[in-house]
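Pasting the structures here.
There are two complexes below, and they share subunit A, which is joined by subunit B in the first and by subunit C in the second.
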Partner chain A sequence: MSAERTAMESEAAGDLYLCGWRLRSALPLPELAPWTGDDRQPDLTIRTGSIPARLDGARDVSPLLQVTPEKQARLSIDGVATYWLRNAGEVIIAPQMADDSPDIRTFLFGTILGLLCHSRGLFPLHASSVRIGDRAIAISGMSGAGKSTLAAALTRRGHALISDDVCAIDPAAPGGPVVLPAFPRVKLWDDSLAAIGIESAGLTANRLGQRKFYFRFNEAGSFQATPAPLKAIYLLASSNAPLAGRSEIETLAPTLRIIGLHAQIYRKRTAAIWGLEPELFKALGRIAGPVDVYRLTRTAHLDDLAAMVGRIEAHAA
Partner chain B sequence: MSEVLKLAHKVSRAPKHLATEVDGNIILMSVEKGVYCGLDDIGSDVWRRLAQPQSVAAICDALIADYHGEREQIIADVLELLTALRRQGLVDVG
Partner chain C sequence: MTGGFSLLASYPRSGNTWARAVLTALARGDGSLDINAIEGQLAVDRFFFDDALEIETSDLLPDEERRLRPITYRSAMPTGAGTFPIKTHDAWLTAQGAAEPPFPREGIEAVVLIVRDPRDVVLSLAPYYGLSIDEAITAMADRTMSLGISRNGLRPQLPQLISSWSDHTASWRGSGLPLTLVRYEDMVADSVGTFATITRALKCSAPVDLLARAVDAARFDRLRADEAGKGFRESSPHAPNRFFGAGTVGRWRQALTAAQASRILRDHGTVMRELGYDG
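Showing the complex of A and B:
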């Protein structure tokens, strides 16, 4: 796409909240809550514009992702958009489809959000999180392990969803680690939707042709932007044959907590290129000390979901 | 490199490692080998002392003084620990 787009500055009144940042976006981001904080300048600006094919000094983390030691990144998703993380406060997007297509936001709120966390000093854990009482719990695991499904089921029980897939943690917050809420949104496969009693018709498709949907909960209006102290992290371990066919929750010893959490740092290879590995590893200890870390082994059966939700609630209370 | 570790050897932390601390215990990762290593209280103490490169004997003497332990046992334990850490690429010798 060669045409230069005019970067439209939205009015300050249209500023949005994301992970504690004041965000001004030229693209519509209907998932996000409005900014209701102080009258600071935006922490982060999203514009549309043209993007160089090659960033100076870039290394290829994958065929889609270029990263430079100066903490720039260029992500190219064919047919969707190219994204340029130009600095910690600016993202340029060159869409290849309509500006309001959800596909564009899938990668903005995935890889790009994770890289923004790294460049802005937050710890991005590959996890969904919900607020239970006045604290947060995070459900972490590889893609497909069931993070979003569990988080959504907890939300249906009245707990507020505060992040999905990329959980922004401030490990150095004064009173202990906190989760910085992202938005009240969740991605789900439609078989998961059926299991928690929501019809997929009328929801916005996540990517064209994929049977995965976004939807916004009715509670979205009551989204709380305040940081939530992190009480517990559940590391999901899929098991084809759990003991007695039931889900298990086990406490982990310190070394296993570190190993488990280390595997779930979001976009860790890029962080390594940016020289952030030593600091991230130290942060693991800051998180794994005060925060309870459990291994949660679950069955693949969705009918086990309600029981699992009840156990996590009882556990986290 | 395969030489048996001796009291006279000078030991130091290898430059390429990751370290963190949970409840006072040090957990290390060897970046090159991709191996994690959780240290107990005394192992964590030894690792903190390794911030200053020094001889194995100096470390043992300090531990014997601080823990009032049996000399031969402490020396054996420290040699075993440092040998394991060297094998994982976490400690340099010489």
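Showing the complex of A and C:
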């Protein structure tokens, strides 16, 4: 009896924080912050185990992803792992690499995190977010638009990181939409690391052999560990060349806000199959009302990074 | 596969975007053309693959991206497919990591292959990719040449193997696909007639007067003026807002040295002679 209780206590002592959830994981997740909240039961458990080749009643959203009407999902990344979102509180992982391989976490903190948000009533925006002053801003856009780079550069300037790539918004929080913190880690390519002045030697690679790395902010105050009210969303638009008549930060009209935010809903095809579109549109309305939405046009050049960071700081202040 | 699609294939800097501009103006029908709203899905548009696969392709390794390209097209139709061809610079070759060429063969309804004299191509290719003429000649002879690959950062496009100019051209011509070959030089000399051939191949034939209006809307001087005035989002970071060049034929006679011209002829002579580029 006492041995069992000790084991449970030690498990509980290793519990982690993710998007407001108490998480217990059989896989090491060194990116996450420890759970420091109340003594509730875990909201989410991650186990390892075998996964059926085909989920009952599944349809293929993509060659890699099966989903069922009961909000289950099965993601398969050859050579890395298979992931089974069994219900809103349980993820099973069948690794094809060592349990502590970062490659496994790359997809866990990507598609699986996005689907968890959908299944748990949060609104996952394809965005990175930081706290400026006492409120959150989200920097949103497609892959390669510069979300992580801008968020990391802002964090290096003393603002606290809230999330990277998947921004979990609670649109129905009392007092207005809030961002639920994920973890103090960004993913950056070599060129972005160099532009920010971070040495890549010794960093964990996002994928084995890839020059994209995990960078964890360990300094006190560099991570916002409690939900933060969402003040503004910047939708990144990239252009290879300067476009005339396009000032860098533009306020968007209400309909363009909704269209722009809808395009950046993370894993929205699965959410639609799960029948969540009405909820998502309701959430869009709740977010686009009180939260300012801007279009931020930038070139792919990293040499304007410092100027862009300064502009966002001044704009969001 | 939910339906078929057609391809607008070419080696880079051979008139593909011009053709898309004419087809866009034709689709509009009112003679208006916004160069920042030229239609046609890019075959390697990362956003399409992220959306179709429901993962971030930036988390994939290049071999995985190349393997998944045809598989993705098999399960998801590109936006606007069926009405507008997909633009590609791919060669019809099986790239490293892939099990087949970059598109599912059974889904391809038509291919329009645009070819251009490689001696003119090189003059456009060099500034576009920030290369010297000699470097660009070397690149055009490199059978492993790929776009969308960067070790240190993310490219907005997935990898595409374009191979050498000769192998690019030969791979499509030998593909056995329903292929219509058009020469850039004929698109310039007889624009309306050549675009009639292109639209017939793509099963979107149009009356001559509408074709003539579309060709006029996408005249090179207009495209250049538009780009100078408004900027062009598809232009190269190496040459911002200098995407549309002179568009002329035979400029190589003044711009290449005799050694450069003969080097290209030595690298690509066989295919050049087949296409009439031996003058």
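Everything that follows uses one rule, which is that the second predicted complex is superposed on the first by the 296 of 317 C-alpha atoms of A that agree within 3 Å, B and C clash if a C-alpha of one lies under 4 Å from a C-alpha of the other, contacts with A are read in each partner's own complex, and residues count from 1 in each chain.
Basically, contacts are C-beta pairs under 8 Å (C-beta built on N, C-alpha and C of every residue); 3 or more make two chains touch, one makes a residue touch a chain.
The structure presented is a predicted model; accordingly, all values stated were derived computationally and were not measured.
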{"item": "Contacts of A:66 with subunit B and subunit C, given as first, second, both or neither", "value": "neither"}
{"item": "Which superposed partner A:111 touches (first subunit B, second subunit C, both, neither)", "value": "second"}
{"item": "Partner chain(s) touched by A:278 [first = subunit B, second = subunit C, both, neither]", "value": "first"}
{"item": "Per-residue contact with subunit A, leading partner among subunit C and subunit B", "value": "C"}
{"item": "Touching partner for A:288 - first (subunit B), second (subunit C), both, neither", "value": "first"}
{"item": "Partner chain(s) touched by A:48 [first = subunit B, second = subunit C, both, neither]", "value": "neither"}
{"item": "Subunit B and subunit C footprints on subunit A, overlapping residues", "value": "none"}
{"item": "Contact footprint of subunit C on subunit A as seen in their complex", "value": "60-65, 75, 77-78, 106-107, 110-111, 142-144, 165, 189-192, 206-212, 238-246, 267, 269-270, 299-301"}
{"item": "Subunit B - residues contacting subunit A, complex", "value": "18-23, 25, 27, 29, 31, 36, 38"}
{"item": "List of subunit C residues in touch with subunit A within their complex", "value": "36, 46-47, 50-61, 64, 68, 71-72, 74-76, 151-156, 229-237, 240-241"}
{"item": "Contact set on subunit A toward subunit B in their complex", "value": "253-255, 257-259, 262, 277-278, 281-286, 288-289"}
